[in-house]
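Listed below are the structures to be examined.
The same chain A turns up in both complexes below, where it pairs with chain B and then with chain C.
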Partner chain A sequence: MTTATEAGKPEKIALLKVLGPVHVWALGVGIVLVGEYMGWNFSVAKGGAYGALIACWVIGLLYTCVAMIDSEVTSTVAAAGGQYTQAKHIIGPLMAFNVGLYLVMAYTMLEAADALVVGDLLKAVAAQYGAELDPRPFVVLTIAFLAWLNYRGVFMTLTVNFVITAFAVIAILVLFFSTAGVGGGESLLRHSELLTDLPYGWIGVLASLQFGMWYYLGIEGTCQAAEEVRSAGRSIPLGTMGGMITLLVAASLTWYMCTGLIPWEYLGQATTPLYDAARLTGSVQLEVTLFIGTMFAAIASANGCINDASRAWFSMARDRYMPQWFGAVHPRYRTPYRSILFLIPIAVSFAFTGLLDQVITFSILSGLLGYTFMSFNIVRFRRLWPLGSIERGYVHPYHPLPAIVLGLLCSATYFATYLGYGTSLLSIMAFYILASLWFVVRRYPYVKRGEQFTMPWPRPKGY
Partner chain B sequence: MAKVYQPPVQKGFGQFIDSMVLLVLVYLSLLAPLVLGGTASEAEADIADTAATWQALEQNETMQAQWEKLGYTPETAEPIVTKKFHYEVEPVSLGITVAVIVAYFFFMLKVSDREYREVINERFGPRGRTEA
Partner chain C sequence: MDFWSVLEYAAWGISVVLVGWMLVDARFVSTTYGEDFLLSSREGEE
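The block that comes next holds the complex of A and B.
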C-alpha cells in the first residue's frame, strides 16, 4: 500500500468503508445482468431452446452453491481481492496468485465484451435508420468514461451502478408484463409454435452449459467490495443472495419471453436478443426501453468489471504477487487508481483483437476455474478452522453438499467447454500453467512470507 | 519466532518487465487456437445445401412471420438456420484435457501447501511453539 506524507510523517492510506448491501447487490447484479441481455442465448444455438432452459437452471444451481459458499468465506475474510485473499489465507500463495489472475482475466475480458455490445448496439440501431456508424470510438469512450468514474471513487461508481442496474431489471419486467398477457392483455408469446425438440439430444444440453454461465457469470464479484463495505458480515451475504435471487428470476423471464417471440435458430446467434424481442412486439416504447436497458446493462457490467479487476490486481500488487507499483491507493479519492488505469488499455486491446470468441471463452473458463477452487476451498476452510474456532459473519447450511454439487457441475461445464472450444480450453490451461511456473520462479521470491496471513485467527489446524 | 524472510527490493524496470511478461502470455494463449487451427468453429458441422424457401428450412408460419419482422428473407435466413454443430468426443483429446486440468490443480495444491507452511511458520512460529 502506498503512503502519503503529511508534516513529514508517513500515513497509511486505506480504501474507504462506505458501501452497504444495496451497493453489493448493484455490483453483483450490475456485472451479470448484461448476460441476460446478450450471451446466454448462445446456449440456445448449442442445445436448442429447452437445452438453454435446462442450462439456465443447472447453472443457476452451480451459482447458488457459489453464492452460499462465498457468503460464508467472504463475510469472514473481509478484504479487497475477494477470493484471492481467501485463497491466500486458506490454500497458499500459488493458489492465491492463480485465483487473482482468474479474477483479473475474467473481469477484464468481460469488460471488453461489454464495451463491444455498446458499440454493436449503437451500430445496429443506426443501421435500422439507414445510417452507418463506426462502433470503435464508442467502445473506447465507454471504457474511458467508466475508468474515470472508478478513479474518482467507489461510492459514486456503485451508486451509479445501482441506478442503471435497477433500470435494466425493471426493463425486463416491463417487457414480461407487456408480452406475457399477465394482467389482462393478450399474450404475444407463441411458445407452442416456436419451441422445438432438442436439436442435438442430451449432448447438446451438456454443451449449452458453457454459455449457460452467462446468465450469472460474475455474481461472485460482490466479494471484491469486502474491504469497502461498512459491515461485511451483513452486507455481503445480503447483497450476494439478493443478487442471486434477482438473477434467477430475470434469467427465467428472459428465456420465457425470448423463446416465445424469436425462432430458436435466430435467437442462438443474436447479438442483443432482448432488444430483438422488444422489436418483435411492434411497440416503439418497448423498443426504446429495451434499447436503454441493454445499454445500461452493458455499461453497468463494464463498470463493475473495472471495479473488480482493479481490486484483484491491486491486492496482488499490495502483496507483491505482482509489481508493487500497482498497489497504490489514491491519496484523495482512496481508490486503487494505478491498477484501474493500467487495465484500461488492456481491456481496449482485448476488445479490438477480433478474437471475441476466445476472449469470451477465456473469461468463462477463468470464472469456472475460480468456482472449482471454491469447492475445495470451503472444505479446507471448515477443516482448518472448524465452526466455533473463529467468528464467522455467516455460516452456510448443508455443508459439504454445496461444495460437492459445485465440484460436479464444474466438471460438467469443463466437458461442455471441451465440446465447443477444446483447443481454446487447452491453450488457456497452458497460460495458467506457464503463469504458475513464472510465479514460483520469478515472483514468489519478492513475497513477504508471514505478512500473507493478516486475519486475527488462531493457527490453522494441522499446521 | 521463525527467522523472517526478507525479500529483495524490485526496481521499476523489473516491475515493468514482469507486467509485460504476463500480458505477452495472455496474448499468446488467445492467439494459440488460431495458430493451432482449432477455434470456435471446430465444433461446427458443414452447412447443409438446401433450397432457400421457408418450407425447405422447416419454418412454420409463425416462425416465418417472426423472421420477416426481423428483416430476413429465406435467402438471408438460410445460413443461420442451416448452421449446425457437430459434437464429437475423442477419447484421446478428452483424456489429455482431463489430465491437463487434474495435473494443473495437483501441482498448484502441492506447491501452495509448501508455500503455505512457510507463511504459517513465519506468522505463528515453528510448530509446537506459542502462537503469535
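The block that comes next holds the complex of A and C.
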C-alpha cells in the first residue's frame, strides 16, 4: 500500500526534526567520553606522563580544527550522512564512497569495542564475587538494546545519551574535587613524586599521538544529526563546539588526576585508569561512582555509534551508493530502521572476534582518514563557494590555518600509528583501495548521478 | 544454577526478544506500506 495525498501524489516521508543543541552535545561527547575512562592512558606507556599531556593538547588542537571546519560545512550541508554528504557535494563520488565507508567502519567497530568493554566490566564484577561470567550475552544485549532504542526514535535515544553522558562527566568532576584538595581539603595527588622526564624522549611523544586520539575520537559524529535537528545552523556549531570544550576540560582533568595518583609505569598499562584512580582513594562511594561512570560512558558511546553508523549507511543507500533498500524510513518512528537492523550482526561479529585493540586501531585509522579528507575538503569548499556566495550557519575563523594545521597533525599521527601499528595501517589502506575498486567497477553504475547534488547552491566558482 | 548463570540466560533471552521484535516490526512495516513510500525520503527536503 502506498499512502497517497489528496492531490494523488505519493506522500513523502523524512527523518524527524526534533533535536536541539543538547542532543548534539550528547551525541558527540557521548561517543567520545569512553576514551577518557580508558584508552588514552596507553599514550603514557609510549611517551611518559608529560608525553601524554603533550599528546592530549596537540591532538586537542587537531580536533579543535576538525570541530571548527565541520561546524562550518555541516551548518551549510545540513543532511544525514555528515562528511559523506559533504564529500559528495564538494569533492566527488569516489571520495564520498570512501568517506561514507570510513564513517560506517569507524562507528561500527567502536560500537563493538564499547560493547566488549561492557561485557568485560561485568565479568570483572562477577570475578570479585568468585564467579566466572561469560561476557558474550552481555555484549549482544548491549548492542541489541541500544539498536532497539535507536530503532524506536532519535529523540529518546539522544535524551538517554544526554543523561548517562552527563553522569559520566559529573563523575570525573566529582573525582577531581575529591582528590585535588579544591575547597580546602587535603590533596591526594602526588605529582612531585610521580612525574618524571620524558622516558623515551621526543620520539616517544610522537608515538603517543596515536593514543592521544582516544580523548576526542568521534566528536565529528555530531554532524550526522544534521537532518534531525530543528535548526542545523544553530544546533550543530553550538553542540559541537560545546562538546569540544567539555572534552578538553575532561581530558586535562583526567590526565591531572591519574598522573597524580598512579605511577606512569602502571598507568600506561591500566585497563580502566579513572576507575583505578578512584579505587586508590580508598573511598567506596568514589569507586562505585566511577564504575557506573565507566559503564555509562561505554554505553553512551555505543549508543551514539549506532546512531551515526546507521545515518551514514542510510545516506549512502538513499543515493544508491549501497542497495537502495537500506534507505527506508520507518513510517511511525521516522528512523532509518533497515540500516539500524542491518548493522546489528556486523557489530556483533566484530565484537565476537574479541580483538579489542585491533578493532579499535581499525576504528581510529578510519577516523584519521576522515580527518585528512576534511583538511582539503574545506579548502575546496571555500574556493568553489567563497564567503557570501551561499548562506553559511557558521564561518570558522583564520581560514586556511586550521586546514593546514589539521593536515600537518594528521600526517604526524599517521607516522605515530606506523611506528606502533604499521601492519594495521597498511592493511586498512589495502582494504579501502579494494573497496574503491569495487565501487568504481560494480556499484557506481547504479548511482543516480544527476540527483546526488541536492543543495540549493549556485554554480561553483570556475565552472 | 547460580545467580550468574541465570543472568547470562536472561541476557540471551532479552536480546532475542528485542531483535525479534524489531524483525517482526520491520516485516509488518514492509507488508503494510509500499516501497515507494518507505524509500521516499530525499536529502535536503522537509
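The rule is short, and it goes like this: the second predicted complex is superposed on the first by the 453 of 463 C-alpha atoms of A that agree within 3 Å, B and C clash if a C-alpha of one lies under 4 Å from a C-alpha of the other, contacts with A are read in each partner's own complex, and residues count from 1 in each chain.
Convention: contacts are C-beta pairs under 8 Å (C-beta built on N, C-alpha and C of every residue); 3 or more make two chains touch, one makes a residue touch a chain.
Owing to the predicted nature of the structure, the values given are computational and were not obtained by experimental measurement.
**Student:** Return first, second, both or neither, reflecting whether A:T85 touches chain B, chain C, both chains, or no partner chain.
**Tutor:** The second partner, chain C, only.
**Student:** Which of the two partners, first being chain B and second being chain C, lies in contact with A:A144: first, second, both, or neither?
**Tutor:** second
**Student:** In the superposed arrangement, does A:T259 touch chain B (first), chain C (second), both or neither?
**Tutor:** Once the two structures are laid over each other on A, A:T259 reaches no partner at all.
**Student:** Should A:Q324 be classified as contacting the first partner (chain B), the second (chain C), both, or neither?
**Tutor:** In the superposition, A:Q324 touches chain B and chain C alike.
**Student:** Which partner does A:Y414 reach: the first (chain B), the second (chain C), both, or neither?
**Tutor:** Touch partner of A:Y414: chain B, not chain C.
**Student:** Mind working out whether A:S436 is in touch with chain B, chain C, both or neither, as first, second, both or neither?
**Tutor:** The first partner, chain B, only.
**Student:** By the touch definition above, which chain A residues appear in both interfaces, chain B in one complex and chain C in the other?
**Tutor:** 324-325
**Student:** How about chain A: which of its residues touch chain B in the complex?
**Tutor:** Per the touch definition, chain A meets chain B at residues 45-46, 91-96, 98, 105, 190, 193-194, 199-200, 203-204, 207, 261-263, 265-266, 269, 276, 279-280, 282, 320, 322-326, 342, 346, 353, 355, 357-359, 361-362, 372, 414, 418-436, 438, 440, 442-450, 452-453, 458-460, 463.
**Student:** Over in the complex, which chain C residues touch chain A? Could you list them?
**Tutor:** Against chain A, the touching part of chain C is residues 2-4, 7-9, 11-12, 14-15, 18-19, 21-23, 25-26, 29, 32-46.
**Student:** Report the residues of chain A in contact with chain C in the complex, numbered from low to high.
**Tutor:** By the definition above, chain A touches chain C via 1-3, 10-15, 17, 78-81, 85, 126, 129, 131-134, 137-138, 140-141, 144-145, 147-148, 151, 227, 315, 318-319, 324-325, 327-332, 337-338, 340-341, 344, 454-456.
**Student:** Enumerate the contact residues on chain B facing chain A in the complex.
**Tutor:** 2, 4-5, 7-8, 10, 12, 14-16, 18-19, 21-23, 25-34, 36-40, 42-43, 59-63, 66-67, 69-70, 72, 77, 80-81, 83-85, 87, 89, 93-94, 96-97, 100-101, 104-105, 107-109, 111-120, 122-124, 127, 131
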